[in-house]
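What follows is a single structure, and I will ask about it in a moment.
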Amino acid sequence: MTHVYLDHSAAAPLLPEVREAMTPYLDRDFGNPLSLHDWGDAPRDALEEARAQTAALIGAGSPEEIIFTSSGTESNNFAVKGLSLAQQKKGKHIVISAIEHFSVMNSVKFMQNLGYEISEVPVDKNGFVDPEDVKKAIRPDTVLVSIMHANGEVGTIQPLAEISKITKEKKIVFHTDAVATCGTIPVNVKELGVDALSLAGNPFYGPKGSAALWVRRGVRILPLLDGGIQEGGRRAGTEDIAAIIGLGKAAEIALRDLVDRGQKLTQIRDLLINGLPSKIPRVVVTGDLKKRLPGHASFCVEFIEGEGMLMLLNSQGVAVSSGSSCTSRALKASHVLLAMGYNHEIAQGSLLFTMGIQNKPEDIDYVLNVMPPIVDRLREMSPVYSKFVKAPKGGQGNAGI
Amino acid sequence: MTHVYLDHSAAAPLLPEVREAMTPYLDRDFGNPLSLHDWGDAPRDALEEARAQTAALIGAGSPEEIIFTSSGTESNNFAVKGLSLAQQKKGKHIVISAIEHFSVMNSVKFMQNLGYEISEVPVDKNGFVDPEDVKKAIRPDTVLVSIMHANGEVGTIQPLAEISKITKEKKIVFHTDAVATCGTIPVNVKELGVDALSLAGNPFYGPKGSAALWVRRGVRILPLLDGGIQEGGRRAGTEDIAAIIGLGKAAEIALRDLVDRGQKLTQIRDLLINGLPSKIPRVVVTGDLKKRLPGHASFCVEFIEGEGMLMLLNSQGVAVSSGSSCTSRALKASHVLLAMGYNHEIAQGSLLFTMGIQNKPEDIDYVLNVMPPIVDRLREMSPVYSKFVKAPKGGQGNAGI
Amino acid sequence: MPVYSEKVMDHFMHPRNVGEIENADGVGEVGNPVCGDMMTFYIKVKDNRLEDVKYKTFGCGAAIAVSSMVSEMAKGATIEEAQKITPESVAKMLEGLPKQKFHCSNLGAQALNKAIDDYLAKTGKLKADPAKCCPFCDHEDSENDPVCQQGCPVNQPEIKSP
Amino acid sequence: MPVYSEKVMDHFMHPRNVGEIENADGVGEVGNPVCGDMMTFYIKVKDNRLEDVKYKTFGCGAAIAVSSMVSEMAKGATIEEAQKITPESVAKMLEGLPKQKFHCSNLGAQALNKAIDDYLAKTGKLKADPAKCCPFCDHEDSENDPVCQQGCPVNQPEIKSP
């Protein structure tokens, strides 16, 4: 059977070079980097090399600004909670966008339980935050603005450099969740003008369990993991050296290959973004067509629900994700699509294809061939579709937006 | 050169079987266990198998009570913060012992900043908590008692089953940091009578980055990592499957070999515990001689400081740790030794040998040979020793306790 | 192990009795897109038996398999027998449903009963409760649950837009 | 890379001028076991020069290397030259010290100066500050430091025993 993996945002395979770089730290060089004896030397050196590699990927001023964590989620929790709590005396107001990842969303809810107030900035139908809205949301007691670099569900890349002009002027700490962008598109913390940035290794073929938070020198943060002196006292716990080494190596390779990868993935992506709506009626591309992640194609297929498509695609050897209700804890439509103005019905039909460096144009041809009968079949079963078909012509416009 | 690694509490090598079990999840089976397509199946199965293996190691009622984390430190932070915050309405008082690991110590300090009050129960000269002291410390607003199972610095194993009689009677949630005991001595959560327990994989030859918190069904806890639905919504973030699989496999093997390993390590340990003080005058064994971890030998060598010994041992190929000031962030003597009644001077001379399953009796012979000249050399340089030598006979007793 | 049992997969891949019945004797519709799943059941009754049962379903794999299974269980049954079909009995026939699918996707029995009620009402009888679908589940929220519910929107404070 | 430079290791493994001087012209003692490091310096002065310098040290590898280096730098120097020895110059001669060792283990210059002051006092001169050792450091605590100081006991609330 044909196998086409198009779910790289859920999990990506390790690069062989990354795997190789990790191997010694799973075997011979098992020591603790804090150890003063010889067994500590190799892991300590490797740790600092990985820190430099990771810093280089995002143009950080100094490797010491990198704090290794265990996931994008941990980095986001650390940033939202740690940056706010460090400024308790200044105020208790946080600004986020309406389409943040759950790890930011639920972290601010945690802060809300501690007495913080949250303002959620809206997005337009393509998923963009308007910097003016951020400006309006900022209050004298605002301590943190957290707006993601790109959304994993719809791929829209935010105008961070414009937003940071405002946060700089108002002297407010600006964090961005760049888990979806780091290693995939060029990310430079100076150009973006942010003060803190979350990244994770797996999106650019590093290991799971590897991630980092970058915090600009001079910005105070409280630890999320209290304890020993690892990571300069900012993140306690014995370091997972192999994962960290893998992150460093993946960062090094990503930096080297960024432009090539981007071009290739953008081409493949556009085959699908252009192909699917031309093959199947009433398919909406979600997110922006230009300012979007390479290798990221997201759709809403009207009248049907995402999981069914996902499962039928799987039966044809194709792996994708759906942002639809059944795949997440809350059986509700994606908060991202709702915030962009889609109604629940449309939002339930979301489908997400994320391509990786091993994908080829033929993979997209295959998908474009198997998709139409799948959609037909599910529409045949859909009460929503029968209503649409029976409705008087012109009675329903594009139900999407 | 001879190489003798006696610092297993700082880092232990992976078991080959564990390494092997992890391999597929670093390669072929890279998928996300939440994925609904075929790529999610193998990792999902492995995740649940590891959960069952980990639950079996500690006699948990159900695998679902296991929550995987990234380090012993994370488990302790999660327990202390999450169990307290879940009971905010009941009260804001926490009881710990004076010799907890920094990850518990600094977590309660975090809670203190949120308005919680902390009571620290003392220990005796062997490091034991008196259950009566726990009873006295409990107040109507106490929400959590957290007392470690065994201390990593002095190896003393606490009478948890006696303490849990009190917490059960008073209906107070009882957490134990069992990072130093799980996989090393038999641990059964029912016999211990605890409600939550932290463990980590590396102490029993599992991978770094692998750890877990067990929380008894019915006990509420707030997440430390907020976000997605992983681990039943209790610990968000993409799972580090390879590490989790390694933890499960290591748990399975530890459960199988527990008794054998314990016997072997106790023998080797006692060679050192008996040998060192008989070879070198004024060496104190810290912790209890009987109720102590197998493979754990800790000392204070009077008149000199630990790091010097560590470095000279290293120059002879021997890897050990020192709990002395210079190896930790705060240049102070170990809070554990001070709490046990040692004065600063003695506490600075602490030395910790932790043996592993690969160590042999000959390793101890080697240490017993190289240690005396090392101690002599440092004492020769020590102003504290010269004062002792010059002091009128009988003027100074055992300066230790 | 796949998320769904073989039986669920079989009914999802080969759903039985899909369709509408023209001039049905009873029609029952439950769910809505907010909730995630919608089902419309159609029945044809003859001599107190469900001579024909058809449905249309908008929803996840479980919802489709549930509809199909319910239609099989109901077809040919008496009204009284069909009324005894419950979410539990459907899940059992399907060799289990994932915990988080049990609540919301298991609307088939409800939709069928609504169709029966519709028929009974038309011929003169009982009134049914309105369909009640848990919009938040994915996790049972009982007192004894050891799990924090923080992640569940139902326990979350509302966030206001500026 | 080892924690310590080769130079530090050399002085630690082969410390120069260890010992005491009977009837020293000046003795200086700094540090205490609470602080972690203690050094006693002994000097013999002739014609305004440190004819001999010896010391005893209780402390970590850095402390021992620092003592040894200070003794080498001071031996044969004039009083004025020796007074110019600073923690910075010692660290530089040692090809660097780990950040967390700089503060507390770098007491050699201080101890030497105290011995010189002792000599000057005996012959009639200046008074020195009492030895000041940061008992908490391991990390510089400056305004510009990006790092949270939570881990540092100096910023921690006190925990009371019950």
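A, B, C and D are the chain letters, set down in written order, and residue numbers restart from 1 in every chain.
The rule is short, and it goes like this: a contact is a pair of C-beta atoms (placed from the backbone, for glycine too) under 8 Å apart; a residue touches a chain by one contact, two chains touch by 3 or more.
In this text the structure is predicted, and so the values were computed from the model without any measurement.
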item: Whole-Å gap between the CA centroids of chain A and chain D; value: 51
item: Distance from the mean Cα position of chain B to that of chain A, given in whole angstrom; value: 35
item: Where chain D touches two or more other chains, by residue; value: 61, 138-139, 150-152
item: Multi-partner residues of chain A (at least 2 other chains); value: 36, 38, 40, 102, 106, 109-110, 222-223, 226-229, 233, 236, 307, 311, 328-329
item: Overall pattern in which the protein chains touch one another (line/ring/star/complete/other); value: other
item: Chain pairs in mutual contact under the definition given at the outset; value: A-B, A-C, A-D, B-C, B-D
item: Partner chain D, residues of chain A touching it in the complex; value: 36, 38, 40-41, 44-45, 64-65, 82, 86, 215-223, 226-229, 232-234, 236
item: Chain A to chain C touching residues, read off their complex; value: 95, 98, 102, 106, 108-110, 112-113, 118-122, 133, 136-137, 303-308, 311, 315, 324-326, 328-333, 343-345, 348, 380-386
item: Interfacial residue positions of chain D with respect to chain B in the complex; value: 12-13, 15, 18, 20, 29, 32-40, 56-64, 100-101, 103-105, 134-139, 150-153, 156-157, 159-162
item: Complex contacts: residues of chain A adjacent to chain B; value: 5, 7, 10-14, 19, 22, 26-27, 30-32, 34-40, 43, 70-74, 76-77, 101-103, 105-107, 109-110, 114, 200, 202, 207-209, 222-229, 233, 236-243, 307, 310-311, 313-314, 318-322, 327-329
item: Of all residues in chain D, those that touch chain A in their complex; value: 1-3, 61, 138-139, 144, 146-152
